[in-house]
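Note sheet for the following structure.
Every chain is named by a letter (A, B, C and D) in the order it is written, and numbering of its residues begins at 1.
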Amino acid sequence: MKGKIGLEEHFAIEETLQDSAGFLPEVYWKELSHRLIDIHDTRLREMDAHGMEMMLLSLNAPTVQAIPDPKKADEIARRANDYLAEQVAKRPDRFQGLAALPMQDPDLAARELQRCVRDLGFKGVLVNGFSQVREEISAVYYDLPQYWPFWAEVEKLDMPFYLHPRNPLPSMAPIYDGHPWLLGPTWAFAQETAVHALRMMASGLFDQYPKLDIILGHLGEGLPYNMWRIDNRNGWAKAPPRYPAKKKLCEYFQANFYLTTSGNFRTQTLIDAILEIGADRILFSTDWPFENVDHAADWFDTTSISEADRVKIGRTNAIDLFKLNLDRT
Amino acid sequence: MKGKIGLEEHFAIEETLQDSAGFLPEVYWKELSHRLIDIHDTRLREMDAHGMEMMLLSLNAPTVQAIPDPKKADEIARRANDYLAEQVAKRPDRFQGLAALPMQDPDLAARELQRCVRDLGFKGVLVNGFSQVREEISAVYYDLPQYWPFWAEVEKLDMPFYLHPRNPLPSMAPIYDGHPWLLGPTWAFAQETAVHALRMMASGLFDQYPKLDIILGHLGEGLPYNMWRIDNRNGWAKAPPRYPAKKKLCEYFQANFYLTTSGNFRTQTLIDAILEIGADRILFSTDWPFENVDHAADWFDTTSISEADRVKIGRTNAIDLFKLNLDRT
Amino acid sequence: MKGKIGLEEHFAIEETLQDSAGFLPEVYWKELSHRLIDIHDTRLREMDAHGMEMMLLSLNAPTVQAIPDPKKADEIARRANDYLAEQVAKRPDRFQGLAALPMQDPDLAARELQRCVRDLGFKGVLVNGFSQVREEISAVYYDLPQYWPFWAEVEKLDMPFYLHPRNPLPSMAPIYDGHPWLLGPTWAFAQETAVHALRMMASGLFDQYPKLDIILGHLGEGLPYNMWRIDNRNGWAKAPPRYPAKKKLCEYFQANFYLTTSGNFRTQTLIDAILEIGADRILFSTDWPFENVDHAADWFDTTSISEADRVKIGRTNAIDLFKLNLDRT
Amino acid sequence: MKGKIGLEEHFAIEETLQDSAGFLPEVYWKELSHRLIDIHDTRLREMDAHGMEMMLLSLNAPTVQAIPDPKKADEIARRANDYLAEQVAKRPDRFQGLAALPMQDPDLAARELQRCVRDLGFKGVLVNGFSQVREEISAVYYDLPQYWPFWAEVEKLDMPFYLHPRNPLPSMAPIYDGHPWLLGPTWAFAQETAVHALRMMASGLFDQYPKLDIILGHLGEGLPYNMWRIDNRNGWAKAPPRYPAKKKLCEYFQANFYLTTSGNFRTQTLIDAILEIGADRILFSTDWPFENVDHAADWFDTTSISEADRVKIGRTNAIDLFKLNLDRT
């Protein structure tokens, strides 16, 4: 289909480029680093060739979240956001921006968010999982109480928040020891992000801020397949769950979450996602430049769903969620 | 349907009973502990009432795997296996046994397996995830080299091996800190077991012992939903994967793994599993006594699959896999 | 779920009651005839008990369509519509009306439609398949040219049109000779209605009147399962189809048709329909009194689709399509 | 995948070639007639190019079934069968034969079947729907009592019977008048064949000959989508069905029928079929030369099902059903 919109589409600035080294063998670094730095050349050609009208751009990972010093994190976030705004300004018909935020300091994060919305015209946020705060060996998740004022601001500004994966710190996930190939998109990304999302659901965050819209990539980081079990376990024991949230976790999943197809171009998985969360909450994305636009697009354009859902997932859901200034047809 | 067979069905002996405390609120302990100790009373009545002809029984979790001293682990395993053999002998038409094994010492484990097969007539193995070996704070996974002779024996004896979940040690999974409700069946079980299975696939174990049959509960601990992504990541980079195994991980998943429905009574999830691994590799189970037989059976008897697949998943796949002495119809 | 709306829900007036005899064994006639005549008693109780807020009522079948004399057909249609309007007036919060129309005379039909919309406040039309026109042995389908001015009126008035089944005349479908059990809901209804719908698609009707909304019951009378084959046949021969319509038939199916669940309470079938036409074009219905409200509702309330789609199919799609004066939540 | 086997793969002899004219525009006749006459050239090249190891060949349609004179029908059937046997003998590794039978005379049909099995080594039967018997305007279906001795012979010889479509006689299906494009694979084939199959189920034939294996093409001619409704209709009325057969029709469908993918290369439809009848009863086929081998194979090789089911549907189910002398791997 033509007119597709993607929302997990990354770029790098010079200061963050090296964060993406190591995900692929050395031999691919030249190509990958070019793809990350490029905005208006290869990227646009790929989009043109495969029916993508727009990318909502976001900084690569983990970058800002992996800078323990809040000031430095803020500085890099601002630099990336400023750069992104300039690029968007050149082709607002093809690119829009998602803000990078220095989550190390919830207050700084809220202020940078305000700036991104008011001054830069960004459409949402993309944050790369937990933040290392002040110490290298730290992993701070955003369900914690210190983040709730930040979430109040996100809700007030009505900004969709993309919770993007990052790897766990090695010392915090010894289960992968000796198996580095299980890190990254193979598996660890999904575990990190799914648990982060579950923490947010269980914490009561969405009771307090029910209008928050959280986006998960990769068709939901495994959550849809187990969402029923998450709530059911030991179904005969009728005791209420012990977490602070008031409802079953699947109710928040269904009310506050959106999923994208980034990096998970599997029809069976997409069908399962549709049967769990419905096509109104699924959106096309590629995960460029880590995945190819053609791989994503060729699959999506022919995957075995209804044409009505293809249009929604490929385009109109994104227009509605991000209030994009694009025709729905 | 009548004649269902379940293969994740637990019991406890006095020495292991307390391992199951804490999974449920105190108020349910009386019921749960009764269910665990009971074999021929409540359990059989539940089976009769809901069309289960047979349970392949296994010890509760984590029990043997959580006893760092190999000798002590062996002692408990032997005691549990002996007790189980006695119970099976009373009703071999309704119960068969899966061996508990002291995986702390691969050699002891192999010897106890031989004993269980030759002397006790057990049909397979059920092990509760990683073992703590010699120290409390240790987690040893079975892809490691020291276990390969053990796997040779499992293959030689042609014994299906059920890789059952356990929780991570708290210090090894700080991601759950402050969120104890994410442990156990809610989420942590799946992560533990899925990664353990992936480690085995990536290690090359199944290249060496291609006839191993590994069983995962809970419709595959989340693996089917992401199995494509696990192999695909960064599809444009054509570099071979860096793990020792020779094939794509999904090939081992499709050739060496079976899934059960234990504790995951969700039709959408079952359909996805069928579309990923096929109905010949899916088997009914309840996860008694942590889940109810009626919850499992009422769902399974009406879930939206073909009647042919219902018979296979409910009964004949188990007869074939475990070479049970039961009619196929 | 609460608040369900049904749109294939029948009643009879005295003059049409006998049309429903013979569908069921004699022993059920007392119950069936009571159900058909009743509006505010059993029917409302069933609705209350099973979460149906509203029924869009329509006359039983084949009735008006089986009266060859156009004047007489018009007379019965008017009588039924007047009676229906009275009943709706008593409980407009629970019932709304779909017009019966004397399709024997397109001009009379258009006029009665106008009257039903303007004077009676009806929300749409339900017609029972082809009409016998002037002769008993005649079957006139609505793709024929004489009906196009009528369709212009339907489009202008923006009235959804439910194409309800009827049986073929025996002399026109000798394939069922000796097998009367294949008539009615078992099979012949679907063939009649599917072909009628295909005739409309192929005729070019929807090129001329692209805003027409046609509703099919029984999850589409078999069309979704074969819709791809309908357009594909002999795919290597690139010749354009020989029918007058400008597009592939599936494009009209996707753009001009809605399906209801009436009398087809099958999860597998519903999933296939969702994957072909999307959940926005599927609507709950029971086919009362020929099917039970509880059979339809108990199935629908638990069928394996997302909760978001359940709300759309169960309620909000109907509110949107018929512009019902009900809250969307 | 390699090693695919197809079982709805047609050829013509000179005497039957013209039966296939008219299905496609004149401009395609040269190509189509070449494809029908050819066995060892284009056909084998297509098979080689797209991973088909074997075709079970059958005569084109309607041919023998459309010859009212039983003797003449028998003569043509014998000639076609002899010719087919010669072709198979040249490449028994790539082709096997399905018998054409003069169903106009059940006794002649049984004798020709015996000859085909004993003398020609054929693996099954393919018959093109109802037969015109003695008069042009006649349509005789095989559920009728005169055919039961023939079915006894089919069961005794253990020969799978492919019930292939043909068009209705125009005078017997006036519903298509003015819409010739609804004939053939677009729609009429499915209606003819589905009703023929339902007549056989309802007649009690499978109570008498429970080992009969009937094959339907085109993923079941629409039956799986409505199979539940076929048995359910008016579920609240508990009266037993009025047909002679002893069980619900779906029970025969599940026990006596197989489906092929011929001409219906639609993933959604295949998934629905799997969820209704199970992958053990679905078999790959192309419908060559009316459909392309590449269209069938390219779709099937990538359609969204498990690899285990792909092997069964693509190859091993056919080996088992027809007892083919091929390796299962």
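Convention: a residue touches a chain if its C-beta (ideal position, glycine included) is under 8 Å from a C-beta of that chain, and two chains touch if they have at least 3 such contacts.
Chain-to-protein mapping (UniProt): A, B, C, D = Amidohydrolase.
Since we're looking at a predicted model, the values are computed, not measured.
More C-beta pairs touch across one of A-B and B-C than the other; that pair is A-B. Taking the mean of C-alpha positions as each chain's centre, the chain lying farthest from the centre of subunit B is C.
Distance from the subunit B centre to the subunit D centre is 44 Å, each centre being the mean of its Cα atoms.
One inter-chain figure worth recording: subunit B and subunit C are separated by 50 Å, centre to centre, where each centre is the mean of the chain's CA atoms.
Mean C-alpha position of subunit A lies 34 Å from that of subunit B.
Residue numbers of subunit D whose C-beta contacts span two or more other chains: 266, 268, 271, 275-276, 304. Against subunit B, the residues of subunit A that register as touching in their complex are 23-25, 27-28, 139, 141, 143-144, 168, 172-176, 178-182, 184-187, 190-192, 194-195, 198-199, 202-203, 218-219, 222, 224-226, 228-230, 232-237, 239, 241-243, 263-266, 268-269, 271-272, 275-276, 290-292, 295. Those residues of subunit D that touch subunit A in the shared complex are 266-268, 271, 303-304. Here subunit C touches subunit A in the complex through residues 254, 271, 274-281, 304-309, 312, going by the rule given at the top.
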